[in-house]
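Here chain A shows up in two complexes: once beside chain B, once beside chain C.
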Partner chain A sequence: MSSSRIITQDFDYIKAVSLGEALESLAKDGARVFAGGTDLLNKIKTARDNPKLLVDITGIEELKGFSFSEGCLLIGAAVRLSFLEDEKVITERYPALHEAIKSLGSVQIRNMATLAGNLCNASPIADTAPPLMVYDAEVEISRLHNTRIEKRIISLKDFFTGPGQTVLQKGEMVTGVRVPEPMASSGAAFGKIARVTMDLAKVNCAVWLKREEAVVAEARIAVGGAAPVPVRVEKVEKALAGMRPSSKRISQAAALVGENLSPISDVRSTAKYRTDTASVLIRDTFFPAWKRSGGEEITDE
Partner chain B sequence: MNERQIVLEVNGKEYKLTVKPNELLINVLRERLGLMGTKYGCGVGECGACTVLMDGNPVLSCQMLALSASGSKITTIEGIAQNGRLHPLQEAFLDEGAVQCGFCTPGMILSAKALLDKKPNPTDMEIKEAIRGNICRCTGYINILRAIKTASLKLSERSR
Partner chain C sequence: MEKRDYHYLGKDFPRKDGFARVTGKEVYPSDVALNGMFFGKILRSPHPHAKIKSIDTSEAEKMGAVCITYRDVPDKYFNVRLVSVPRSTYMDWQILSNKVRQVGEPFAAVAAETEELAQRAAESVKVEWEILPSYLNTEDAMNATENLIHDHVYLEDEKIEIKNNIACMRELTEGDVTAGFKEADVIVENEFVTPRVYHCQLEPRSSVCKPEPDGGVTVWPSTQALHNTRILIGELFDIPLNKVNVVRVTGGGHFGSGIHTNRVILINVALALKAGTPVKIIPDREGDIYEHCRYPVRYTLKVGAKKDGTLVAGEMKALVDIGSHHIQAFAFLGVLVGWWHSLYRCKNLKYKGIAVYTNKAPSCAMQGYGAPQVTFGVETTMSMLAEKLGMDYLEFRLKNYVGLGETFWGQGPTVRSTIRSDGVEELITRGAELIGWNNRQPPEKKTGRYRRGIGMARGFHTSGTGAPVPGEVKDYTTAMVKINEDGSVDVLTSLMDQGGGTLDAAAKLVAEELGVPFDKVGISPADTRSTGYDVCTHATRGVYCGGGAVLEVARKAKEVLLEYASRILEAPVHALKTRPDLEREQGEVYVDGMEEKSITIAEVAQTAMNNDWGTAIFAKSHRMIACPPAFTTFFVEVEVDTETGRVTIERVVAGSDAGVVINPSLARGQIHGGFYRGAGMALLEDTHYDEKTGRLTNLGLLTDYKMLGPEDLPDEEHFQTFFANTYEPTGPMGAKGIGEAALNPVPAAVASAIQNATGIWFTKLPILPEDIVKALRQKKEGIATFEPEKDKNHTIEREFLKIRSF
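This part shows the complex of A and B:
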């Protein structure tokens, strides 16, 4: 993998002004959605992708939407991460997503990159994937049928199909992300292990808990970087459900995570390290999530 | 190839340029406009040496197509001194010994400028967060941190 200061590949570029125009262009051979460019340009520079046409969607008004109403957060595909990181609605109601965005890359990257782009790049360690998965986010996908724009909504947990792979078909693009409002007495947090703060995660996770008095009524836990796609770890979720949390019991539940993972060894970590770390990370992330759900401090009994 | 015209305002001056789709913003700044202050480092968005300000916000000029920068206001390191006088950040970097090999300095100063423009009195942690994407391999972070704090003080004295 090498990079150079010039891009040697030839491609065409269009700055779409409407969704219809973007979708029409995306139906062409070798077309790619271009937003922040922080992942795609690297793929082009390192010859991992060779597009014929980049369709810049950042100028499309209808994709710049950001709203929170009727219990649903809507984030358009052209919304950049830096816009989201200090949004009060996210800081207050979706703290795990806030933490993930803050931890992602650098100021520069977040000024360029979009939330939808982080998902569509489909890296197994995309930081925003685990929190969005535990918040039960949905992805809005658009395509052109004859001349009409058709939309379908799918759950984020069904969106990823492999490293760099999603359910998106040719001519389709993600136009928005929808996140339902977390219910009362629930809380979530994000955790990440990386070599340094700027680095990509070795493993990341999000823990979401629904509390009923002193008991975990329901747990949703997503782990990134330890399988071909970010995954919900059901073994741990089931073990936590109905639990009156103690440090020991949380650790025991988190230790089951290996059964839901299939990590690889690469430059960032070995497979064993990833499995062991995921367990510790889930345990550590449980505590702030529990606190945010309104739970009492957990004592060792 | 499909060349197109773009309009860029760089350091207060407007340029009309014809660029190819695969030209990067850094290519235009360095090779077309001769603004060599913006450095090319890693090429993959990790080092921050190519940082410039786009409408006041730090972005990576080697991760941005010139075409998608069209219509924006770009500030490079050459554009922050005024009336022949260095910007307080530049002065502070010199005074505090925050420049060693100098390769990270333009990006580092621009990241710091964007921070101080928004937050004149940042905490140490806020400064560290702001320059997290700017890597210094002479490892002069302590002096850099001190320089940014000194500049922040100077700027707030001046505005008093």
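This part shows the complex of A and C:
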């Protein structure tokens, strides 16, 4: 019998001041990273998690980094979404990420939540996952080896292993997210279908396009909410590559999405609806992405 | 009597409690804090239907907690709702029982020094359960012959055996339906389904109770019904009522869930009495969500009309899934037919309603009390009939609606009065103009992915449950008005304000009547020891009945005042008038026609005091002898995305006939609020149970109980409201009600707009995007009514056949 008013589980809490301290604590049994807590506290309140130690990382200076240099955007694990949401670099260069962040929760939630937290929570409907996947983001993972901090970098598309599961091992944490600068003549956009405006997605998606003249040279499309993890939908990507877009051809390509999905029916929607609307959503998101890549207006021909 | 110029009525003033509310200083039940106060926690059943084999609270007691189980509470049956008279109030409740009838049903409670300790203590209680078969839908419930949810219930002293989990039934026949249908040129018949909406009031139903040294209790509850709560507590705990004090605390939202005395309050009293110290309970959301919900209704409605649009016959069969307990199902079955009867004139009617127990949260009143459910089907049917007859919706409605001089059923068959004010035509005509009804295109003309549609529906709610002859429902209010020695006024009444400004309206009526400045009229804090009975604020009765009583008392207090004044001014009482003197910030009494002969009310009151004449004061109970309908009409424009099924509300035109409008801004606020919950009911809000576990599929969490947000509703510019120019002759200074009327036609209006956009009539609420996409697919195959999914074995007809034998 749990209660959303009172947490009766016993756990320790530390507010780490350095990455080393945080990693040392994370090596302990039952330790969890505590970033914004907007997912973690809900899990504890509803007894879906039972941590022994919360390691608060929001006071660690080196995790508050935010930079854009040498063709790479770097976002530290302690950076709050409200800081990112109107950051010029993101609105201008990574509009799909900007749109995803804006659509996530409310002002209050974004004032607490972190980008790394959204990824590490590994929900199939994490809103920032699809844009980061199509921007080819990488995740920086750190751990302590003896007393030395070791880092490894993995591609976000290999990060999720199942609902609520990632490649993170005991003692590891994500210290930052790296996003390469989008190439010239590329464009991306984010789309989401939910029950109401402020809501978790039934399905979400991001479309990234590289344009050559009037043709799609390459497409990257990620869909959330329609498989155990956010997925790249290769069937659609392949069908779009080399295409001179028209409404009809985009629809035909988007309709292939079902072959890459395995949605379920739950309290938010049905499997059938998710598959059907995923293709609509991809099509709708294609247009702004194409426009942002510098493409001419698409006609019905 | 007719409309006149008012000083305060129809004008906006900052509301009296506004400052406290917006600065966070208002005290709600969960803010009440007392010395030595313990915190209480309620233990709730994890099973839908089970018996307690054993319960062990020893761990909790070791931790210092006070525990109660069914052994520690009075073993009495009762009903939590005391609005109806005893002969129509079924009793199946116990404060705690050794049997649980739904997931989330309270079976024990603990209190401890801190909320945390209380929670830990609650978690330490061990229970052995005997699991019983559970019934999560009406079909399973009605098929059951043993392990019933209730074996018997009580009606006054009579013990009633329950069969097939049927809680109660109600029938009504007028005229000859068979003959009526023979006359019909067209007949429309559909099955309608409405959702199990959760009230989702901001504050979970909280309560604080202090045991008093004299053996009594003081209670600060979340309730709409102070005196009924007092009476129930007195009766159950054998405490004389002069020792039961229930204090009025501002509610953090009710929507009907506080008409009955929530069990939290009774558990709170039991805990505090056992603990011997004050106890406070604030339920968590996942507990509150199992306590109450709107009545879901599944019904067939068949209506026949002649070529000229005259309605000739109608038949309704309704099945109501009431959940684990009877809150007011018998009354509810009565209003279902009552609202239908009062919407459109039809001389041949047949109705049968059945209320069935299931192992789910008990359903109860929620804004509209059955009217949104019934109006949805009736309005949809009227539009379908009009279409079949080639008549305009508006023309068809104007021809058939029940209006001026006809009989209105304000609360089922036993509460009736004659309609004396009727703004329906004005609402329809003006609303049509504002929305551009004449330019409305039929669905066939609409193409493309995004389709706009304009729809409409009308309805009403009663203003209270008064009537010339008393019926099944109690209805009166008691008030006291006292003119202070400085000319200010105290109004004392147990009337509750649900947030809509009822008490402000009462103060305005008093200011208007006495002729004192509005800010000189104060609403006194109230509790049940210092006030007389008021049935409760429900049935849109606050302004009409409550305000009516306060006004009546103010008139009597004024008579006393004028009598004193006549001694001073040496003029007969009938020559005296009052008016506010805004410069002196005083009310004054003057001689009609000789206005230089005047005196302030303060001077009158002081002279009366100094001469030992007494205080100008009066107290009295007052019952309104009518239940006038407060009419509303909604025109709604939506846009439907035919590919995702998403519905966007683009524009609303809402007209209300509230009689003389007392608080214009607050009345508009009521319309916006009503629309908001009505649209939520149309498009979104519902609760479902997992048939295996008996739990809510949203697990009681708001993450998955979605409601529309401001971003999902049209802005002010696209939401027009207007009021009909009417005067209710029986009302306080011409006023009627508004609150529930502001919701009742909304689901029907939204469904009508969706039909105009898509060509599909949806007969099940909520209309989800998933349904729209599916229906549009089916329509390509030629089906234009999207019916609730039917289990072949599970039709209303079959279920009605089963109970022929009763």
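Basically, the second predicted complex is superposed on the first by the 298 of 301 C-alpha atoms of A that agree within 3 Å, B and C clash if a C-alpha of one lies under 4 Å from a C-alpha of the other, contacts with A are read in each partner's own complex, and residues count from 1 in each chain.
In the analysis below, contacts are C-beta pairs under 8 Å (C-beta built on N, C-alpha and C of every residue); 3 or more make two chains touch, one makes a residue touch a chain.
The structure displayed is predicted, hence computed values, not measured ones.
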| message | Once chain A of both complexes is superposed, is A:A184 in touch with chain B (first), chain C (second), both, or neither? | response | neither
| query | Is A:R268 contacted by the first partner chain B, the second partner chain C, both or neither? | reply | second
| task | Examine A:R5 and indicate which partner it touches, taking first as chain B and second as chain C; both and neither are also allowed. | result | both
| query | Of the partners chain B and chain C, which touch A:M198 in the superposed model: first, second, both, neither? | reply | both
| Of the two partner chains, chain B (first) and chain C (second), which one does A:F34 touch, if any: first, second, both, or neither? | first
| task | Please indicate which partner A:T58 is in contact with in the superposed arrangement: first for chain B, second for chain C, both, or neither. | result | first
| request: Applying the touch criterion given at the start, work out whether A:Y13 contacts chain B, chain C, both or neither, answering first, second, both or neither. | output: first
| field | In the superposition, chain B vs chain C on chain A residues touched | value | B
| field | chain A residues contacted in one complex by chain B, in the other by chain C | value | 3-6, 8, 42, 46, 197-198
| field | chain B to chain A touching residues, read off their complex | value | 1-2, 4, 21-24, 26-27, 40, 42-46, 48, 51, 54, 57-60, 62-65, 67-68, 70, 111, 114, 129-130, 132-135
| message | Quick check on the complex: what are the chain C residues that touch chain A? | response | 41, 43-44, 46, 115-116, 119-120, 122-123, 282, 284-287, 643-646, 684, 688, 697-699, 701, 703-704, 706-709, 711-712, 769-770, 773
| Okay, in this complex, where on chain A does chain B touch? | 3-13, 15, 34, 37-38, 41-42, 45-46, 54, 56, 58, 82, 105-109, 111-112, 197-198
| field | Parts of chain A lying in touch with chain C, wherever the complex brings them together | value | 1, 3-6, 8, 42, 46, 193, 195-200, 267-270, 272-273, 276-277, 280-281
